[in-house]
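You will see two complexes here that share subunit A, one where it goes with subunit B and one where it goes with subunit C.
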Partner chain A sequence: MRTKRVKLLILAGVLLAGMVQAQDAMVILEKVDRNMSSDNRVMESSMTVHGKRSSRTITSRSWGEGTKKAFTEYLSPASEKGTKMLKLEGQLWIYSPSTDRVIQISGHMLRQPVMGSDLSYEDMMDDRKLSDVYTAKVSGEENVGDRRAWVMELTAKVTDIAYYRQKLWVDQERFIPLKQDLYARGGQLLKRTEMGDVRQVQGRWFPFTVLYKDMLKQGGGTEFKVTTIRFNDKIPDYIFTKAALKQ
Partner chain B sequence: MPILVVTLGVMLTVFLHAYVVGFMGDTIEMNARFNNGHVKLMTRAYAANMDQSPNDLALLGVDSLMAHLNREYPGIAWSPRIRFGGLVDAPDENGETKAQGTALGMGIDLLTPGTPEPLRLNLEKSLVRGHMPQQNGEVLLSETFSQKLKVSPGDQVTLIGSTMEGGMAMVNFIVAGTLSFGVEIMDRGTILADLTDVQSALQMPDGASEINGYFHSGFYDDEQATSLAATFNDALKENPDEFAPLLMPLRQQGGMGTYVTMIDTWSGYISLVFILAMSLVLWNAGLLGGLRRYGEVGVRLAMGEEKTHVYGTMIVESVFIGLVGSVIGTALGLAFSWILQEYGINISGMMKGASVMFPDKIRARITPQDFYLGFIPGLFSTVLGTLLSGVGIFKRQTARLFKELEA
Partner chain C sequence: MRLAIKLAWRNLIGAGLRTWLNVIVLSFSFVIIIWMKGIMTGWDHQAKTDMTNWEIGGGQIWHAEYDPYDPMTLNDAHGPVPEALAQGVESGALMPVLIVQGTIYPEGRMVPVAVRGVDPGQTILQLPAHRLDTVTDAIPALIGTQMAHTTRLKAGDRMILRWRDIHGTFDAREMEIVEIFSCTVPTADAGQIYIPLETLREMTLLNGETTLFTFRNEDTAVTVPEGWTLKTKKELTRQVDELIQTKSAGQSVLFGVLLLLAMLAIFDTQVLSIFRRQKEIGTYIALGYTRGEVVGLFTVEGSMHAVMAAMLATAYGLPFLLWQAKEGWTMPLDTSQFGMAIAQTLYPVYTVGLVISTILIVLMTTAIVSYWPSRRIARMNPTEALRGRLQ
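So, the complex of A and B:
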């Protein structure tokens, strides 16, 4: 009778520890979301794509509101200047000045790279908070560079997601992802990102450089650098309209 | 008469062998014309991933490469091409998307006067609606694709693809005509444009995914292609550049090696069966010829001619008949084969409609074997028949010859 009671206590302890750990993991993820997501943001950035033959840099200005609205205008090089993209409620439109047409991108084209980079349109479209789409557990601790990080295993809890599983290294002090491995449902590593140049902006930590690497593609990856970023600015409503694409 | 029989048999053997080889090889030729070339020049990096058509690894400096190839390999017609994928979008009257679909595209030389590409791909005969592109900015779509996009010749479509550097390419084109390819995957979504238009759209100035080489004979010669590629690649083996050109024969591209071997083997089997059948016929003719001359041989023996001499002269005769029949038969067989090779039999009337991927003509193909193949039934079988039938001469007894002759 006494042995049975001990066994039950151990089992309850194990279950409780698991629940606490899962809860802790979700708390960490929510803290990450608080740093990475915002009600709105205005950003200027450069994206350097390191191809097999050469590298090229594309600069852009973008506006984002919540997770469902985004507008990007490409500023350089000349071949991309004037190209604009609008994301509204999971739909994506592109305007190219050379054709003077606004075209909706859908289907398999969403998996194509944006401007030849290691990011797909799908990657660019999905701004949802990690805690909204993944369940998490902490699987250990590691150093990433000189920063101590939680190693977290994320598994999708929604079906409409590009990466079923993620391995995430989260800075223990600043709650910023330092490294991210993105996997397909079958277990294949699809993409890897490494964040750096973490700075404090308007009371939150934010990585100013991200190196994206499509693991299925040759080349040296894509280096994304934030030039300026402002959170919670007032963005005029007309920005997120199709009419703004042709302006 | 015996010479005529041998001539006919040999002529049929040569002609049918050339026909079988030509007919079986047609599939290889269709693949060569549309996709593989008899040989294909690419960069080494492109060749390693050629199934994905990675245009960021494409050939550059195509004009100077073409000049070099035309100078060094005058026996081959070289054609640069660009393969690409993308989205084709058709606008409505307000410029909004009416319909769109994913497309496989190819940039080929459609506009240079005298370009062999439209004829090589049988494009004009495969036109369903409209006309061939006559100026830059005009494209051809597969008919099924045009119906899906709800566009007709004269309508505008926008191609959305990737530039050579991976940037976004968006270009407007006018649909000049629509084509039937006869293969579902191609009818579902294919766009053909002039090479210069695609170079401009994908920002590949003086670039091409590949340069296909075609032997002037119009037929794939595996030995020649393999040896040519080996020589070309050997000359560059010290060059470590992954963008150095690499020449690949059709056999080494995708699953074509197995296919070439299979077609060689099957055309060999079919020809062998026919040669054996024709050999039996001519052997039998030789045998019957010997037996028919039973009386003549008896008279000659009765007149005192030696058995060995009679046997010998019969063999010499059959060698002469076999040789003359084989030479004339081979010449006639080659002549008919040549006519079928050059002009072909037009079978487009038997088909519902012409298409890019199916030949509208059946053609023979003369190979080196056709020059000696007819001698197997023509000479050897005829002589063998005579040799066997003549053995009877030695079994005949002089004492009974007069009785036989009286009878």
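So, the complex of A and C:
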């Protein structure tokens, strides 16, 4: 009888520890979300697509408000200059100056790569907070470069999600993801994201370089570099309208 | 008429080399026209037979959303097997096929593909689907030679296949090429991967769902359920008919040039004959021939070129045409890139209608061309003609 009680206590302890750990993991994830999401931001950046034989760099300026609204204008190279993209409430429109037409990217076209990069329109569109779509647990601790990080296992808690499982390395001090592995439902590693050049901007930590890599494909991946970023800036309302695409 | 034929024959033989040159040129036209038309008929026959054997069977029923020219529609183009078709599937009269988009990564290259789920026990198509019924820890897959060529894959090769399930969640697994089949239908080969139907349904969480059904027989009577569209064999092979019609129109120009050359020679010969044989024409009229009979005599003489050409064409053309029907004509270009169901070697098919129509066309054209200059005879003064004076 006494042994049974001890066993029950140990079991309860293990379960409680697990729950506390899961809770802690969710707290970490929420802190990561707070760093990575903002009410609004204005950013200039460059995206370098490292192909098998050559690389090409595309620069852009973008405006974002919450997770629902975003506007991007491509500045270079000449072939892409003037191309604009507007995301509004889950819908995406693209304006191409060569055709002077606005087209809506919808349905399965969202799964196509953005300008030949390792990112799909859908990857760009999915700005949902990690804590909203994944459950998390801390599986260990590791060093990423010279930074100490928690290793977190994320499992989807919603069905409409591209990556069923993620492994996330989160900076213990700055609550910034340093590395992210995206897995298929069957466990195959599909994509890897590595964040670097973490800087403090307006009181929050933010990675200024992100390397996206399709792990099944040859090539050096897509490198995303933030040139300038401002949070909680005033963005005129007309930016997030279809009329702004042709201006 | 008999006398006219006799006279015509004598005159033609008497003309010697001039006649034979005309006959040889005309016989070439006969053989080339029959051979080229035979190739077209053979292509039509081969394309439709191969499409039937490898892709469309006796016709298909498509999901309303399915558009083979728009891979973006694939994700929505599926539905459960309708009750009205369930019995046909059960009895083997209908073959369900599920098609989804996927990506393969042979040697790190990203290749978008259409993944087709087929029943390994199917017997409607010549696809060696039974090879999918094998024990392997990877997904067994079949590909065509054209697909194998473009992706540089061979039997036994393994690579990752990535796809999305019904919710859009990525999944990926290793796939093994169990066999490479050879077919001439590009739509059944290029960019297509065949895996077991139930495996694909399981992978995509589309249990019991289908994109299209293929009929075993063309005359299978079915009620087409709502949300599905019937595509008859005639509709599915319309593209072949249209292409062959276009090609035939192009060929007709060549036939026209060939006939024009032959007819030009016959026309010249007729003009020369009438010019040189004025005394003979006058004699015929003096002997009691009407002008019409003399015109008929010369027309028969000209038309006999075509009869002789047909005989000569039979002499050397028949063995050639039979040899071609047996050995076929191998095209010097790689036909796999044509985007049409076309075999590298085409076997001409000669129908009775084809041969008779060709003979009739050449005979009638020759008769018209022979009659045309002969009309001059009707305007001749017989006395002047007898004297051999130029008119």
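The rule is short, and it goes like this: the second predicted complex is superposed on the first by the 247 of 247 C-alpha atoms of A that agree within 3 Å, B and C clash if a C-alpha of one lies under 4 Å from a C-alpha of the other, contacts with A are read in each partner's own complex, and residues count from 1 in each chain.
Assume a residue touches a chain if its C-beta (ideal position, glycine included) is under 8 Å from a C-beta of that chain, and two chains touch if they have at least 3 such contacts.
Because the structure is predicted, anything quoted here is derived from the model rather than measured.
Once the two complexes are overlaid through subunit A, subunit B and subunit C clash, as defined at the top of the document.
When the two complexes are overlaid on their common chain A, residue A:214 makes contact with subunit C while staying clear of subunit B.
Touch criterion met: A:101 reaches subunit B, while subunit C stays clear of it. Touch criterion met: A:79 reaches subunit B, while subunit C stays clear of it.
By the touch criterion defined above, A:156 reaches subunit C but does not reach subunit B. Comparing subunit B with subunit C, more residues of subunit A are touched by B. Contacts of A:51 after superposition on the shared chain: subunit B is touched, whereas subunit C is not.
Once chain A of one complex is fitted onto chain A of the other, the partner contacts of A:184 are limited to subunit C, with no touch recorded for subunit B. Of the two partner chains placed by superposition, only subunit B is touched by A:116; subunit C is not.
Shared contact residues on subunit A (touching subunit B in one structure, subunit C in the other): 107-109.
Across the interface of their complex, subunit C is touched by residues 107-109, 111, 156, 159-164, 184-186, 188, 190, 214, 216-219 of subunit A.
Interface of subunit C with subunit A (complex): residues 72, 74-76, 101, 105, 107-110, 160, 162, 164-165, 167-173. Within the complex formed with subunit B, the subunit A residues making contact are 49, 51-54, 56, 58, 79-80, 83, 94, 96, 98-109, 112-117. Per the touch definition, subunit B reaches subunit A in the complex via residues 45, 56-57, 87, 89, 91, 95-97, 100, 102, 158, 160, 162-163, 165-168, 170-172, 203, 243.
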